[in-house]
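Both of the next two complexes hold chain A, though its partner changes from chain B to chain C.
Here is the complex of A and B:
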């Protein structure tokens, strides 16, 4: 994947965190006023929030690390390591949500 | 007017660590930093080493850090610094060859990777030219500001990203990549993409704008890097969703009968 696609996803997930995070925080109020129509939709929102936050945070860590350790082998391997960490965390947390 | 110069001295071949030399020099009102340094070299300390050539901010040889800011020595007057104590250091983020002279080799190697020249696909025309690519005024103006680069390295020295990421392409190189990519005669954007859109390419610019702040030619490399990001994003989106890239409007070839590939004898 090219760097521009990775960074574009970084910006998109930033916006998604804002939207899904707001829905997630406000869901308590919706629940209190009996406005919840579908619990599944909230779970899906939570899943998008989780995926966005994981991508955004881990990509941020990747950017910091590749700047601090400017070695070609490190740049290539750190992306792979962070993908594995992100996927493991996502699968584990998704199982907790559903 | 008497001015004290505190100058960075270091010869990696002999010295184990850098030191400072202090000189008191009598300079007149119109003197530049370069004039003062040459006065020191000629009259006080001939071992002081510096690089210069044109003395008129065209060659970009005399870049150095003067009172904490990257400037061209030939383009900075002693008076404008408004101080009787002037500190001079070599450019940061470059290896020091001796005293105020730095090694640009690594930078020029990076520059070479982005193919800083006009690339065209019409090889026939390249090998046997029959005309010229006449540009309209607005086409020239679209990249003129970014074409003024004299490769003095001040932006590279000021850039906070270069100071930590040695593989970062640098503002100078990215500006050059943009300058050629928007040139209507150029068709090499996709060839440059693998380098400028890499992990250490334009996306590592954090928009500190230190480069634009020190550029002696007013190029604003920070702006060109943002334009470059925009250009790459549009290209990636079109490629990702439509499976094609935007067709660049080409400069037309104007045939000129007097231009011949065969030299007349």
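Here is the complex of A and C:
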């Protein structure tokens, strides 16, 4: 994947986090005032939020790290390591959601 | 292409901290990076600690809210700048030189981010302390 595509995904997930994160933070208020009462919708929202924020956070870490060590072998291996960490976190946490 | 400039900045965290002689966007960049790394720490804590006992600590709650507010607002500005929506029109480089791309909407958006950040931070802190909400 080209670097510009990774950054485009970074911005798209950033906007997604803005929307789903607001719903995630305000969900308690929504339920308290009886606006939206649906556990399934909140779970789906949480899942999108989780996937977006994991990509956004780990890509941010990747950018910082490859800035410190701009070597080809390091760039490739850190990407692989972060993908594994991200997938592990996604599976572990989505099991907690459902 | 010469590689001298790239090599100079390699492997140094101190490059972020050089803000003297740069525009205010460099300060925003520094805060964006630091707040981003802090949010990663908060995120991992939030995912692994399902009791979420840390939310009972008022200072931590305020801190994380403030850095998330800044990171989100500045992030929106960065996306707009990245795709050229708030970048000023470039002009021919003739003496006396003017930085037109950083003027206008770009500067205005920085001011807007700071103002909205202060307002939302005030609301957030007052809400947690219990004055409003």
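By our rule, the second predicted complex is superposed on the first by the 97 of 98 C-alpha atoms of A that agree within 3 Å, B and C clash if a C-alpha of one lies under 4 Å from a C-alpha of the other, contacts with A are read in each partner's own complex, and residues count from 1 in each chain.
The rule is short, and it goes like this: a residue touches a chain if its C-beta (ideal position, glycine included) is under 8 Å from a C-beta of that chain, and two chains touch if they have at least 3 such contacts.
On a predicted model such as this, the values are computed, not experimentally measured, just so you know.
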First (chain B), second (chain C), both or neither touched by A:70: both
In the superposition, chain B vs chain C on chain A residues touched: C
Which of chain B and chain C A:18 touches, first, second, both or neither: second
Partner chain(s) touched by A:89 [first = chain B, second = chain C, both, neither]: second
Chain B versus chain C as contact partner of A:40, first or second or both or neither: neither
Contacts of A:57 with chain B and chain C, given as first, second, both or neither: second
Intersection of chain A interface sets (partners chain B, chain C): 7, 68, 70
Chain C residues within the chain A interface of the complex: 6, 10-13, 33, 36-37, 39-40, 43, 47, 50, 72, 75-76, 79, 82
Parts of chain B lying in touch with chain A, wherever the complex brings them together: 161, 164-168, 193, 197-201, 203-204, 229, 232-233, 235-237, 240
For the chain A and chain C complex, residues of the former touching the latter: 7, 11, 14-15, 17-18, 21, 53, 57, 60-61, 64, 68-70, 89, 92-93, 96
Touching residues on chain A, where the partner in the complex is chain B: 2-8, 63, 66-68, 70, 72, 75
